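Heads up, there are several structures right after this.
Here chain A shows up in two complexes: once beside chain B, once beside chain C.
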Partner chain A sequence: MTNPTTSEIIARCQELYDDLRFTSARDWKDAEPGRKVIAHMPIYVPRELIHAAGMLPLGIMGGGDNLEVIHGDAYYQSYICRIPRSTIELGLSGRLDFVDGMIFPSICDVIRNLSGMWKMLFPEVYVKYFDVPQTYDDDIGGTFYIGEMREFLTDLEALAGRKISDDDIRTSITVYNENRRAIAELYRLRAAKPWQAPASEAYLVMRAGLTLPVEDHTRLVHDYIAAAKAEKRPIKDNSRIILTGMFCEQPPLNLIKSLELSGCYVVDDDFMLVSRWLVGDVPTDGDPVYNLSQAFLHQSMSTAAKYEPDEAEKGQFLVRAVRDTGAEGVIFASTSFCDPALLDRPMLQNVLKAADIPYIAFKYSENSGQMQPIREQAGTFVDSIKLWSAA
Partner chain B sequence: MKPSILKAQPADVQKDASMIKQKQMMAGHYDRLTSAPETGAKVASTFVPGNLNELIMCFDLVNNLPEVNAIQNGLRKKSGAYIMEAERSGHSEDVCTYVKSDIGMMLKGNIGPNGKPLPKPDVLLLSYTGCFTFLKWFELLREQYKCPTIFLQTPYMADGKITPNMIQYMVKQLKENVIPVLEEVSGVKFDIDRLREYLKKSAVAEDDLVAVLQSAKNKPSPIDAYFGGIYYIGPIFGAFRGTDDAIDYYRFLRAEVEERIAKGLGPVTPDGTMSEEKYRLVVEGPPNYTNFRQFWKMFYDEGATVVASSYTKVGGTYDYGFRHNPDKPLESLAEYCLNVYTNRSLPMRIDMLSDYINEYEADGLLINSIKSCNSFSAGQLLIMREVEKRTGKPAAFIESDLVDPRYFSGANIKNRLESYFQMVEQKRSGRGAAA
Partner chain C sequence: MTIAAGIDVGTGVVKAVIFKVENGTETWLSRANMRIRQRDPMELAREAFEQCLEDANLEERDIDYVATTGEGEAIPFHTGHFYSMTSHARGARFLNPEAVAILDCGALHGRAIITDERGKVLNYKMTSQCASGSGQFLENIARYLGIAQDEIGSLSLSADNPEEVSSICAVLAETDVINMVSRGITAPNILKGIHMSMANRLARLLKSIGAREGVIMMTGGLALDEGLCAAMREQLGKMKGVTAEVANHPDSIYAGAIGAALWGAFRAEKLAAAGHLLKAS
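Here is the complex of A and B:
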């Protein structure tokens, strides 16, 4: 059997990305009686617990730019971002009718309130607002988080109709550790040779991980890495940039492609943080829930939806990312009306200014169709980076 | 010290005695704040929802509330320029205008409503309850003020209940994170008995506040529980909860309201006592402050009284039975934070508003949706439909902003209100049901 090519892999990922009826998740559920699917919104839930219950975690990132929002707009004012309205559209149009549970992580007030709306609109579905600590002391935030995870496990046990053992969770942690390692390797490859693993392709490979069983996704990532390394692709005279602010409502794929066309090599990003939230392996010995809490408190990504207790640390994750990936600039791309990203942005920009790192900013929504202004802005940014570098 | 905030009111503005007393209290507080550099008092900035005033007082700190400053700037027509100043410095036009008004005010010299500069806070007490923006707001202020920042997280009441895990989490934060830093900043040792005393006083004032708010069940209602309600909640949501001043004020207010009930009088508006109560409304959402009087006038000109509002519960849902409890001081503070209106799940909010319509025999629900407040606004259209379905009373939707004058369209709001009152009339006459 020959290894699949990048175009074959990307075609499969594109198919998953375009499928707003989530056929692969439906098929997974139908394959065996009693299987359950638990959907979750950005940015992070401990998917290990869902997996340990024998269920499929399904990442819902809104409806993208191919979904016509008919009912969803009736639930939101014009000044609310698009992801909740397109998610409601997915629900009301029956596209999520196979989903047994819906988890709303603690990101912002809009997603928080959506959890209550979901309870009202879909009373037959298990709905959970998944609260996480914003304080990171083991004894305080850690204890609270363990308590929240234990409550979640109790709910999952009731849904599954069976106990979830520590060994079940350890096995799931192992499987997700493998997935995290594969994804970390993909990100390293893209940072080192972005022409071999373009951002638009890496994005689709990552998106597939929100729909596929984790074991399948890990194989897919390895296959893509092998295929991307084997392929000869031309090196362009692009600038290496980091994209930040896209952690919740996702950009249309065309936006990522437009950035690449305008001369950007995207060497790091914050798309779909759920897959990269925990940095490194979670230990598989000892109490698995404690281990997950420790990883959350001490080994997780930084993002606008988190409180940074140490002022000196504020925004330093971006400076480190620039250094580690050899990036030449940062693009702040935030969803319109996104409180966390837009309130955070001035602070992060001040940090970059102090570190002499160039940046630009623009807003988008998941259904943005007009790419020309973004292409022009990004192209100008790239040109200016090149001019400064030459100077 | 003579309060310097009070200015002569235009002759046609009517105020009852409690309103004048309230303004004097607020003015006195601003004078305490702005004179802190001379008196040596230390200042703690914190937020209205999750305001731990009793605890702050245990450390002799003076409470500064940035939202209240933004409101003052809105009322005094200064917020628009401050917001634009903040936007010029890089803040997005999409985000909370309270934050931008506060930052703009800071950039312009931080002048308080009494015309004197507000002092830099000695500590930022980031009590994070019911609004994500708070978290970023104080990160932004920390960047400017470079002072210690204490973080207190209140878990969200998503399932309509307070769990032991939530209380334990909050009490631990209070004991291990909040109190030690307040001790360090203030140099005052924490005395739990002092806290108990303040909490005992809070509960007394809370009883009277609830009596005042519930007086709106009378017909005619002696109060307006939204526009007037904002005056009533000022002291208890601000820097006075736990003080003798608050006890005196709410006792005085209650007596004043009881007198109005005895005389069968309606609420006092800026144009005098309302003569006829034609419509009784429940209002969801904060008011607009940049055109506060114009906004209010649109209601009382039509004979509409607000008999209950959710906004007057952002600093505590006392009418649902919560009282600060001196026997469980820290647990009680935790419970208070957990219970504030915006920390309640959407189904809980729907229950509350439906209950208000029934208990206060209101004609319907009006939602004032605030452009820059996602905590309130996200989900309000579903709230509107659900309350309408449950109560059978008409609901309507208007839009404005807290302190950004660019989002107040008087003509548009007036049109919508007039249509709404017609809808209420139709419903009353049965024509609405037949249509």
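Here is the complex of A and C:
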């Protein structure tokens, strides 16, 4: 069988991205009686546990720019970001009527409140606000997190109607380790040769991973890497930049394309940390829940979404990312009213300033349609790097 | 020696140029401009580029850097893209080394830029979304009045009693023009009124970014509209504390393409010095 081309793979990913009825997840559920789908919001949930229960984790990244929010606006004030409104819209319009459970990971008060609203709006659905430790100490955060995961497992067992063994979880960790390796390889390719794996394509490939079963997604990522490497694409005189602040409400695809058109090679980002929160393999021997907890505490990606207790270490992850990827600048792009991203931004900018790394900042929402100001800002930023930086 | 092409895809016209840069000497080898008129700008860019190659007696492989600007970022054969104001600032300084500010007036936008002696943009501001300060609007009015585009400037200069039109909205401005026609206002006075209204807006734009003295270089498609240049001089002359003089150049329309080509040559040299060759992988 011949390897699919990048355009074939991207067309499939685009189809999944555009489908707000989540047909592929519905089809997966209908394929065998008793199957269950557990949806989750952005940031991080231990999808290994859902997989170990034989269920499909489904990432709900809001409604994007193709969903008209009618009911959702009635539930939130105008100074709240868009993702909770569009997620409510997805729920109230029946687009999530096949979902058996909805997990709200700990990211901000708005998402915490959304979990309570979901319980009231959809009493027949299993709803959990999934709290994660803010303290990365084994005895405090670790003990708390193990307890949280055990509680989640008990709930999943009740939903599945069966026990979930440690071996089930180990098998799932192995499957997700393979997925993490594939994604890390994709990111390495993009950092080394961004013209071969443009950010807009890599993004769609990553988005597919929140809809497809993980095994299928790992194959898709490998297929894409092979196809992208085989394709001859010209190198442009673009600037290598890192995008940060986009970990929860996702940017419209056009925004990523506009940045690329403006002359940016995106060599790293913090899109959809669900898939990239844990870095490297989670050990498969010993207590799997303990291993997941250790990975969360000590093997997780640093972003504005993660508390950093050491002031000296604050923002250093960005400096390291710039050095590791050979980036020439950083673009802070955050959704309007996003507290986790916008409150950290000045501190991160100070760190970049001290390290003499150029940066710009702008805001967006998932349905932003007017790209001209963003193109203008990114285009002039790229010009200033190309013409006036020392490199 | 570095040879670079610059392609400026505007809203109304595609412009292309080729430059040779050797030991700091910039030589303009060829130029072409093509009005879009509902044709595909990407195809026109290719056509203009090929015409430049032919006129300069060069092959595509001789070009070290194809730089685009304006709406040209989607041109598949480009090496790098520069934002319009970056290109116009550099192009204006090439055409007039005395320029300290640039007023880029194209079919869709007006853009005021302050530059330093290297062509680095220090400050800028654009007109808002409305087309009432643009070349496209002026073209439309000329068409309604049955006037050829190249007559606009001279007719405007012959006006004796102009009336300003709305500078806020193209729809209101068109309504103003219809009223003027029905009141028997002459075409020169209508055109001058439009020029005064546009110049009023553009002069305020220049003042807001601090362009008060020195040479202001007009670039873009409207730079050669002598009626607009005269109105600019009049409006700036009325402003307190502004002594700037307005200049244009017969090749002002190429400023964006020139700037792109010269920045492209600069990048080609910088990349070559760093050992980076921009070839398909």
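Note that in this section the second predicted complex is superposed on the first by the 389 of 391 C-alpha atoms of A that agree within 3 Å, B and C clash if a C-alpha of one lies under 4 Å from a C-alpha of the other, contacts with A are read in each partner's own complex, and residues count from 1 in each chain.
Rule of thumb we're sticking to: a contact is a pair of C-beta atoms (placed from the backbone, for glycine too) under 8 Å apart; a residue touches a chain by one contact, two chains touch by 3 or more.
Keep in mind the model is a prediction, meaning the values are calculated, not measured.
With chain A as the common reference for superposition, the partners chain B and chain C occupy compatible, non-clashing space. By the touch criterion stated above, A:Gly280 is placed in contact with neither chain B nor chain C.
Of the two partner chains, chain B is the only one that A:Leu342 touches; chain C does not reach it.
After overlaying the two complexes on the shared chain, residue contacts for A:Leu261 are found with chain C alone; chain B is out of touch. Once the two complexes are laid over each other on the shared chain, residue contacts for A:Gly326 go to neither chain B nor chain C.
When both complexes are overlaid on chain A, the residue A:Ile235 reaches chain C alone and has no touch with chain B. Seen from the CA centre of chain A, chain B and chain C lie at an angle of 100° in the overlaid model, rounded to the nearest 10. Counted by residues of chain A touched, the larger count belongs to B, out of chain B and chain C.
By the document's definition of touching, of the two partners only chain C reaches A:Thr380; chain B does not. For the three-chain overlay built from the shared chain A, the minimum Cα spacing from chain B to chain C equals 19 Å. Chain C contributes residues 65, 73-74, 76, 78-83, 85-86, 120-121, 263, 266-267, 271, 274, 278-281 to its touches with chain A in the complex. Considering their complex, residues 74-77, 79-80, 84, 106-110, 112-117, 119-121, 128-129, 131, 133-135, 137, 139-141, 143-144, 147-148, 151, 304-305, 307-309, 311, 314, 334, 336-340, 342-347, 349-350, 363 of chain A touch chain B.
Contacts from chain A toward chain C in the complex involve residues 193, 195-196, 232-238, 261-263, 376, 379-380, 382-383, 386-388, 391. Those residues of chain B that touch chain A in the complex are listed here as 89-92, 94-96, 99, 126, 128, 131-133, 135-137, 139-140, 142-143, 146, 149, 151, 153, 155-156, 158-159, 163, 165-166, 168-169, 172-173, 176-177, 345-350, 369, 371-372, 374-375, 377-382, 386, 399.
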